[in-house]
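Note that chain A is present in both complexes that follow, paired respectively with chain B and with chain C.
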Partner chain A sequence: MIEFMRRFLNLDRRIIYAIVFFCVLLPLIYPIRAKFTPTEEVKRAYNAIEALEPGSAIIISCDYGPSTMPENYTFYVALLHQCFRKQLRPIILTLVDYGPGLCLRGLKEVLESKDSQGKLLYPDRQAGRDYVFLGFKPGSTSVMLGIGQSFTATFPNDYQNQPTTTMPIFREITALGDCKYIVDIAAVGLPEFWLPYASAREKVPMSVNCTAVSVAQYYPYYTAGQFQGLVGGMKGSAEFETLVGMEQITGKIPDATRGMPAQNAVHIFIVLSIILANVMHISVRRADLSARRAG
Partner chain B sequence: MAIGEVIGIWIAAILTFMIFSFLYKDNPVFKLGEHIFLGFAVGYSWCIYYWNDIFPQAIQPLAYPGPGLAGNWHRFSVLIPIILGIFIILRIVPSLAWLSRNSFALYIGGFAGMAVPNVISGVFLPQLTSTIAPLGPGWAAGLTQFVLLLGVFCTIVFFFFSLEHTGVVGKVGRIGVLFIMVAFGASFGYTVMARISLLIGRFQFLINDWVKGVILHQAP
Partner chain C sequence: MQFLKRRLPVIIAFCAGMVFWVQYYVPSQASQDLLETFTASWAIILFGAAFILGVLSAIEHHWTKITLKKAGYGYSLVALLVFGTMILSGWFPAQPSIRLGGAAPTLSWGMLAATLCLLIGIVSAVSYLLGGNGERRYSRGMTALVFLILGAVGAFVIQPLASGYMLLWKVSNPAFIGQTIKPDSMFMWFFDHCFVPLDSTMFSLLAFYIASAAFRAFRARSFEATALLISGCLVMIGRVPLGEQLILIPKGVLVSWYTAYLHLVNLPVPPDLATTLADLNITSIAGWILNSPNSAAQRGILLGVILSQVAISLRIMFGIERTYMGGGE
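Showing the complex of A and B:
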């Protein structure tokens, strides 16, 4: 038995990779519905946006890239659906160079989404009036401070090179202080910049969607009430999708929700592996100690 | 599906497998995939920076001002940041490297001036207020607040090196280590979760876009 344990503890890592491979693959091929209740952190973000008056402007900063799409892009799409359904006016921008393509893709996906009868869900939304995509600008803090003064001076043109000065949305919403909410969708450390240079400075409440890696880092801001909501990782995005009702809107299981059974399967495997490996490690160590004492 | 999209999905799928091949062992196919990625990432970033920033902010006002700006001498003010930027690049010339200090001094001075009041009022003070908030309401919230305060205090003591870590200070510092370990554990757990999410994302792409969309021609 001890010999078996010894061999098990020196298992080839490729076998572990293979098990993780099947733990991810099987739930995606044969979908199982994972039930989960939205957590308080996610509910607060959703409720804060839901409570905004129709016509309110909301800043969405997409500070993530393709590598974190399963965690951030899924939230971005759900958030845009919530904004358009609530008739909020999203002002979308990105402070990372790999962001513009993903911002545009998500925006197109939501604007082109159809109901079960094949009709566009948001047919009357007009760029420059109901929403705007400003594109990318480097120098994150300068941009935040810049839009605190004026949107049109900081972004003279939007991503499609249309002058922002002639856009109806910027006749009423001249600077960040006129917006009612900020949502930073981040794979990088930018929420820690949005907080002092935009949210606290202009007194505009904010919520954050971040990768799971960053959740522990941002919890102190959430518990202090500086972030009204904290949507962390794929799980947070799946919870947000549930609150927005993405399945009812699009007629299919949204990506983050669909990924959760695979996430659960891998987590169960990891937890079991940790317990098993520790039990075996202690048993082997005890056996070695007794053998040494015996002679 | 457009032919361009099909080709794009095939390239993405092949590159994904090239990178995944590292899981078996390091190999030239993985290295090739890695280099392709790096090359494209740098090229893409350069284009984005050029067309979103360098061209409209620096080149356009000087070389292609357009009818609105042509007679406006104000446009030449962009020469100041351009020259300061060139000074930074001059670090590669040893005899002229000293020029970069002016740019850095301006940048650091400006940024520090901007950061100090904003970070103190926007981050530091609210965090301090939240840490020393009154206990409660209710025993559960009170206990949470007490554990938070204890954790902060013990961790600070652990990083306080002006006193020798023996006796009471050593014991308090050891409690601080426990809090740090719990924080590391939580961070590591979240990191594992994040990495698995990324793997799921890749698998979703391979199953939905590549196998179902391109190979089996199924609707998404």
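Showing the complex of A and C:
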């Protein structure tokens, strides 16, 4: 038995890779509905945005890349649906150079989304009036401070090269202080900069969507109330999708929710493998110790 | 020279540091204007210039590797080719007449060929300018010339002149400055069909490595390691839907225990006790770990980081810390 355990502890890593592969693949091929209820952190973010008056401007900073799409992009799409459904006016920008492509893709996806009868959900939304995509600008903190002074001075043109000075949205919303909310969708450490340089400085409340890896580092800000809501990882995004009612809006299971069974399976496998490896490790160590004592 | 290399950067760092430190505490309009001028123009221009420096530095690094044929120079060649392709592809518009495969919305084979010609031409030109021995340098120069002409002619011949999307037209037209990438451009095709899947794949590989590493290295060897292991497992399960299903103490039991405790200490039982309490499951324990012990530890780390940032800033301002100037000091 001890020999078997010893051999098991030196298991070929390709076997572990294969198990992980099937843990991801099988739930995606044979989807099982994972049941979950939104947590307080996610509910607070959703409720804060839901409580905004129609027509309010909301800053959405998309600071993530393709590597974290299941965690961040899914939230971005759900957030845009919430904004357009509530008739809020999102001002979208990105502070990472690989961000514009995904911002544009999400915006296009939401604007072109249709209901179950094939009608466009948001046919009358106009760029520059109901939303604006400002694109990327280098110098994260400078951009935050810059839009605190003036949107049009910091971004003279939007992503489509249209002058921002002539846009109806910027006639009322001149600077960050005129916005009612900030949401940072981040795979990098930018929420820690959005907080002092934008949210606290201009007294605009904010929420954060981040990766599951980085969620632990933002809890101090959440518990202190500096971040009103904290949507962490793919589960957070799935909870947000549930609150927005993405399935009812688009008529199909949203992406983060669809990924939950696969994540469930992989987490269970990793935890079980850790427990099993530790039990075997302790047994082998005890056997070695008693063998040494005996002989 | 010594003044420019050593003293001037320290003077600039000191002045800039002092100005913006004082500015924060001065609420006047002039102070706000100064900040606006800096943030809306200077700083963004500086960051933009840093991008150009970064690009040039990356090109130089890879080019040196290729010319010296260092180990793995083939990767550098691919990196430069892809780099150039992405830059040039951003300049080309959609071409509705010719399609590359079903998935590509509007990608022109002709423009792709022209892009590659220009790319080879530019790489050869850079190689020619960087120097080298006589015969090889001559051949690089000739390659640059031929491919640049091919690329430019290709751009003119394939695209109708009236479309106004010529590469040369764009470069020479002031309206091109600040031109952005169109959703159906070749750049976006490369971004959606190459960059997005590649980047996602690289990150996804982490799941496999983490699973293998957790199995091999996550051992309860000491008290601290055991505490980390238990809390790690609880958070991992608590962050997936299963955590909610694993109920440790049902709500009914919690309510009865709490009611018994309140009776014991002679306190009134709140009428909404049953609605305020919930099942004790793994998710709620994970939530407590993240909200309480984790927050406390993170705050401690954060304070340490901030204090050291203040110390480093002061060291830079007063010229004690000079490593940012380079030179190995």
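We take it that the second predicted complex is superposed on the first by the 295 of 295 C-alpha atoms of A that agree within 3 Å, B and C clash if a C-alpha of one lies under 4 Å from a C-alpha of the other, contacts with A are read in each partner's own complex, and residues count from 1 in each chain.
Keep this in mind: contacts are C-beta pairs under 8 Å (C-beta built on N, C-alpha and C of every residue); 3 or more make two chains touch, one makes a residue touch a chain.
Here the structure is a predicted model, which means the values were calculated and not measured.
Peer 1: Once the two structures are overlaid on chain A, check if chain B and chain C clash or fit side by side.
Peer 2: Overlaying the two structures gives a clash between chain B and chain C.
Peer 1: Does chain B (first) or chain C (second) touch A:D255, or do both, or does neither?
Peer 2: first
Peer 1: I'd like to know which partner A:P168 touches here: chain B for first, chain C for second, both or neither.
Peer 2: Touch status of A:P168: no partner.
Peer 1: Applying the document's definition of touch, where does A:L104 land relative to chain B and chain C: first, second, both, or neither?
Peer 2: In the superposition, A:L104 touches chain C alone.
Peer 1: Give one of first, second, both or neither to describe whether A:V143 is in contact with chain B, with chain C, with both, or with none.
Peer 2: Touch status of A:V143: second partner only.
Peer 1: Using the superposition on chain A described above, determine whether A:R201 touches chain B (first), chain C (second), both, or neither.
Peer 2: first
Peer 1: When the two structures are overlaid on chain A, which partner does A:S273 contact: first (chain B), second (chain C), both, or neither?
Peer 2: second
Peer 1: Have a look at where A:P31 lands relative to chain B and chain C in the superposition and call it first, second, both or neither.
Peer 2: neither
Peer 1: Which partner chains sit in contact with A:G225 here, chain B, chain C, both or neither? Use first/second/both/neither.
Peer 2: It touches chain B, and chain C stays clear.
Peer 1: Determine, under the contact definition given at the top, whether A:T39 touches first (chain B), second (chain C), both, or neither.
Peer 2: After superposition on chain A, A:T39 lies in contact with chain C alone.
Peer 1: Give the label of whichever partner, chain B or chain C, reaches more residues of chain A.
Peer 2: Of chain B and chain C, more residues of chain A lie in contact with C.
Peer 1: Name the residues of chain A shared by its contacts with chain B and its contacts with chain C.
Peer 2: On chain A, the residues that contact chain B in one structure and chain C in the other are 17, 20, 24, 67-69, 97-98, 100, 135, 137-138, 141, 145, 157, 212, 215-217, 220, 223, 232-233, 235, 263, 266-267, 270.
Peer 1: Which residues of chain A touch chain B once you look at their complex with the stated criterion?
Peer 2: 14, 17, 20, 24-25, 28-29, 67-71, 97-98, 100, 135-138, 141, 145, 156-157, 192, 195-197, 199-201, 211-217, 220-221, 223-226, 232-235, 255, 258-259, 262-263, 266-267, 270
Peer 1: Show which residues of chain C lie in contact with chain A when the two form their complex.
Peer 2: Against chain A, chain C makes touches at 32, 35-36, 38-40, 43-44, 46-48, 50-51, 178-181, 183, 188, 191-192, 195-200, 202-203, 207-208, 210-212, 214-216, 218-220, 229, 232-233, 236-237, 239-242, 244-245, 283, 287, 290-291, 294-295, 298-299, 302.
Peer 1: Inside the complex, what are the residues of chain A that reach chain C?
Peer 2: Touch residues, chain A against chain C: 11, 13, 16-17, 19-21, 24, 34-37, 39-40, 65-69, 97-98, 100-102, 104-105, 108, 135, 137-139, 141-143, 145-146, 148-150, 153-154, 157, 159-161, 212, 215-217, 219-220, 222-223, 232-233, 235, 260-261, 263-264, 266-271, 273-275, 277-278, 281-282.
Peer 1: Inside the complex, what are the residues of chain B that reach chain A?
Peer 2: 23-24, 41, 44-45, 48-49, 52-53, 56, 111, 114-115, 118-119, 121-123, 126-127, 129-130, 148, 183, 186-187, 190-194, 196-201, 203-204, 207
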